[in-house]
Amino acid sequence: MSGNTPTTSISHSDAHRIFVRGADLVEELIGHLTFTEMFYFELTGRRPTRGQTALLDAVMVTLMEHGLTPSAIATRLIYHSAPENLQGAVAAGLLGVGSTFIGTMEGCAALLEEIRTAPEGMPARARAVAERHRQARQPVHGFGHPFHKPDDPRSVRLLALAAEHGLAGSHVQALHTLAQAVDAAYGRHLTINATGASAALLGEIGLPQPILRGVAVTSRAAGLVGHILEERSKPAARHIWHLVETGIPYEDEPDAP
Amino acid sequence: MSGNTPTTSISHSDAHRIFVRGADLVEELIGHLTFTEMFYFELTGRRPTRGQTALLDAVMVTLMEHGLTPSAIATRLIYHSAPENLQGAVAAGLLGVGSTFIGTMEGCAALLEEIRTAPEGMPARARAVAERHRQARQPVHGFGHPFHKPDDPRSVRLLALAAEHGLAGSHVQALHTLAQAVDAAYGRHLTINATGASAALLGEIGLPQPILRGVAVTSRAAGLVGHILEERSKPAARHIWHLVETGIPYEDEPDAP
Amino acid sequence: MSGNTPTTSISHSDAHRIFVRGADLVEELIGHLTFTEMFYFELTGRRPTRGQTALLDAVMVTLMEHGLTPSAIATRLIYHSAPENLQGAVAAGLLGVGSTFIGTMEGCAALLEEIRTAPEGMPARARAVAERHRQARQPVHGFGHPFHKPDDPRSVRLLALAAEHGLAGSHVQALHTLAQAVDAAYGRHLTINATGASAALLGEIGLPQPILRGVAVTSRAAGLVGHILEERSKPAARHIWHLVETGIPYEDEPDAP
Amino acid sequence: MSGNTPTTSISHSDAHRIFVRGADLVEELIGHLTFTEMFYFELTGRRPTRGQTALLDAVMVTLMEHGLTPSAIATRLIYHSAPENLQGAVAAGLLGVGSTFIGTMEGCAALLEEIRTAPEGMPARARAVAERHRQARQPVHGFGHPFHKPDDPRSVRLLALAAEHGLAGSHVQALHTLAQAVDAAYGRHLTINATGASAALLGEIGLPQPILRGVAVTSRAAGLVGHILEERSKPAARHIWHLVETGIPYEDEPDAP
């Protein structure tokens, strides 16, 4: 590849070998790395430690499946409309991995970064952050959940895993510090939710904040494929469409010829 | 542009002028052509006649809006999830302009082509086509509608416009011939539906069959923008989501902080 | 449709009639409205005046086609990869109608709104806006063009059309006022570019700022369909791919079996 | 959830627990399953054996990254155009996981199914399949590669892994049988390529043919996130665009204000 061409450092190949991030795909990666390890290696060029892999696996397992979310509904409706085009149905759902849901993970990661690196120390900055949100009547990204009260069980589990693997560093500490400040500012207990805990864990394993959405996108892709497979054996899309249009359940009608 | 580069004949420009299909964009197109005329010119390199424009307008007006279709529902859900990204919400809906709905327009166009060009004459081939579908228990693309009976009023209107503009040529004739054969083969009246009439009109104005889906995609893009605008002033996405998840209407709940 | 269902006011139908924005689709719209008029009607519920239609047509004709843009390249590559799925190729290209290019239209519309409604009058606010951007070393949305100097010919044409149709109101006036302030602040002439002029015209015809991107999306959909049609007769995607990978032109090789 | 609503069996939850495929997400899945195991569980409702996991990991590691493919180029161009919208850039690239490239994996899986289940035995059917393709001058899906000759090293590795894990069953046998028949029919050696070997391995672990594209989509999503991360630190999109438009390398130009 010439020096003047737009090039990538991620991968190159010749007739006999394929390299990804400098490693021989066939000799060093296939059969040696799990998908999760390979994803980390693709992103960072470093092989993850066992603990880093465990946390990335845990976050991706957490984010994969949430039932009939807007993304899953969109995927099912689009698959019904264009079943020859599975990738389009997945893409339609992934387009919903945006600010409303995943933005809270990115927003929480930004808050943790602010708190971790505050010259005045974490507790003071955490109190300032909590107070700033309370006064602006804005939700604190990564906190609160409409159903999982008093605590989101996923967050408890994710944070325990970080500790278990010796990876509860400054991101996790910042999150706990913020949690105390939030409870104090609001005068009641607000759970750390799954996006908040995920933000802390992904920070601990060194993934940069602007790419966190990409972890969610990849994990959710797997979940949406699961919905497509279920849609094939147990179709819901026509039912969903009918319910939305009319408010009443769908009853099969004889088709036009 | 060098002769070795991948190039397009559609457009080129210099500091003072921009050309599309050989015409000066500023001098000859902006302010001179409607969007529909420009679309035809973009596709074919020819300026449409008044009749051709009228039929393309009529088909695109017909296809723009159909209420809460799977595409519109997907667009609204994705817009709710990522409102910063209007183009993603439109793209999600457009991904549903696939075989289930628009495939019937393409399928009907293929049947009309088969009948128009049959050496044994249109009526014989139309009878064979109808019989072939009846025996295979397959729907005849472009015929039948679950609600609009006995006739789809859009088809009646579209075909009348073709006649009015002197453009009811062999595609329209093939459609009418097929309609008679279908009614005879099934022993009852099946309406020509809107996709069937659209296929005939787009054939009459010289658009090639493989691109018909693109006419639907463009028209539907406009309709989906309309749904996004309504979603902004009168949100339905959370309601849709709740209804699909639970089967009961959504009641606003106090948000988590 | 029950009062409890998520509903749309855009469209409803019964067995004999289809209504869009309260008008009978078959009796009042098909054959009566152009696509552009129908798009305006879909968005606003109002039939446009002749001048409003002319300006919307002019903007959409301007935005349709720009040669091998990132969007057009993406569409061609994706069409090559999945030719069975035209809508996916269009969707891929439309996903690029984002902040980098179309954001300038929206950004300019926001500036025009700020200037139009400033209590201290347009000239003072325009000077403040220009100065603010100069000091922050930020581009002024809607101004400047790398190739079209001293003036973008499209903008000249679009603004002339607004005047011709008696629609050069406060949005156009704000743009001209800002242009004078920009030239003064930077000490040289910067052209109003096509996105700036488009922002002013769409403001004049009453389209809300958050939906302007949707006008670009719809127009660009038509242009991308044109690129797909050209890709079918004169394929460029493999050539593009090879050129990007290697920096040298693609030579057909005998395919693997 | 009422019996009349469109429902999913994949997931449900209450205030304290979330279930996926009948397992408690927090107690049984997070921290217990890798992403790959969870993906298999999401798709099938069964926990994979160690060997099944190894093969799915191996295939997904193989499919993740291939350098500047059409998908990766599209993702980079769209990310450049809409950087606020990472999921849109990934979606644009995924739309290219279609018939041209991944269709060969699905096509090979269909051939293997035909051969595995042929009443006349695998060798006879394999010969018939090879002959059928040769006479029709059609490529045999899963065979041949333009660069990797005489053998694609990835396929060798993937098939060795299947044997190593005791999972070289009838799908792998059908592939080897077809390979012999292909070499005999064409009178020269054609490599089993990576899509061919992947089809056999995914068949061995029990994933249904219509969902194989979804495995590729998920794996490629991870690779495209890697390209976005590289695009952020080492931008190539403007360079690609310039190269495609002009055939010459891009040189930074002073930006318009």
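When the chains are written out, they are named A, B, C and D in that same order, and each has its own residue count from 1.
As a working rule, a contact is a pair of C-beta atoms (placed from the backbone, for glycine too) under 8 Å apart; a residue touches a chain by one contact, two chains touch by 3 or more.
Keep in mind it's a predicted model, so treat the numbers as computed, not measured.
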Partner chains that chain A and chain D have in common: B, C
Neighbouring chains shared between chain A and chain B, ordered by label: C, D
From chain A, the most remote chain by mean C-alpha position: B
Approximate Å spacing (C-alpha centroids) for the pair chain A, chain C: 32
Chain centre separation (chain B, chain C; CA means) in Å: 21
Distance between the centres, which are taken as Cα means, of chain D and chain C, whole angstrom: 36
Residues of chain C engaged with two or more neighbouring chains: 4-6, 67-68, 82, 84-85, 87-88, 91-92, 95-98, 237, 240, 243-245, 247, 249
Of all residues in chain B, those that touch chain C in their complex: 4-18, 20, 25-26, 29-31, 33-36, 38-39, 42-43, 54, 56-58, 60-62, 64-68, 72, 85-88, 90-92, 94-98, 102, 147-149, 153-154, 156-158, 161, 208, 210-211, 213-215, 217-219, 221-223, 225-230, 232, 234, 236-237, 239-240, 243, 249-250
Contacting residues of chain A [partner chain B, same complex]: 67-71, 73-74, 77-78, 80-85, 88-89, 91-93, 95-101, 133-134, 139-140, 143-146, 182, 186, 190, 193, 237, 240-241, 243-245, 247, 249, 253, 255-257
Chain B-touching residues of chain D, taken from the complex the two chains share: 1-2, 4-6, 82, 84-85, 87-88, 91, 244-248
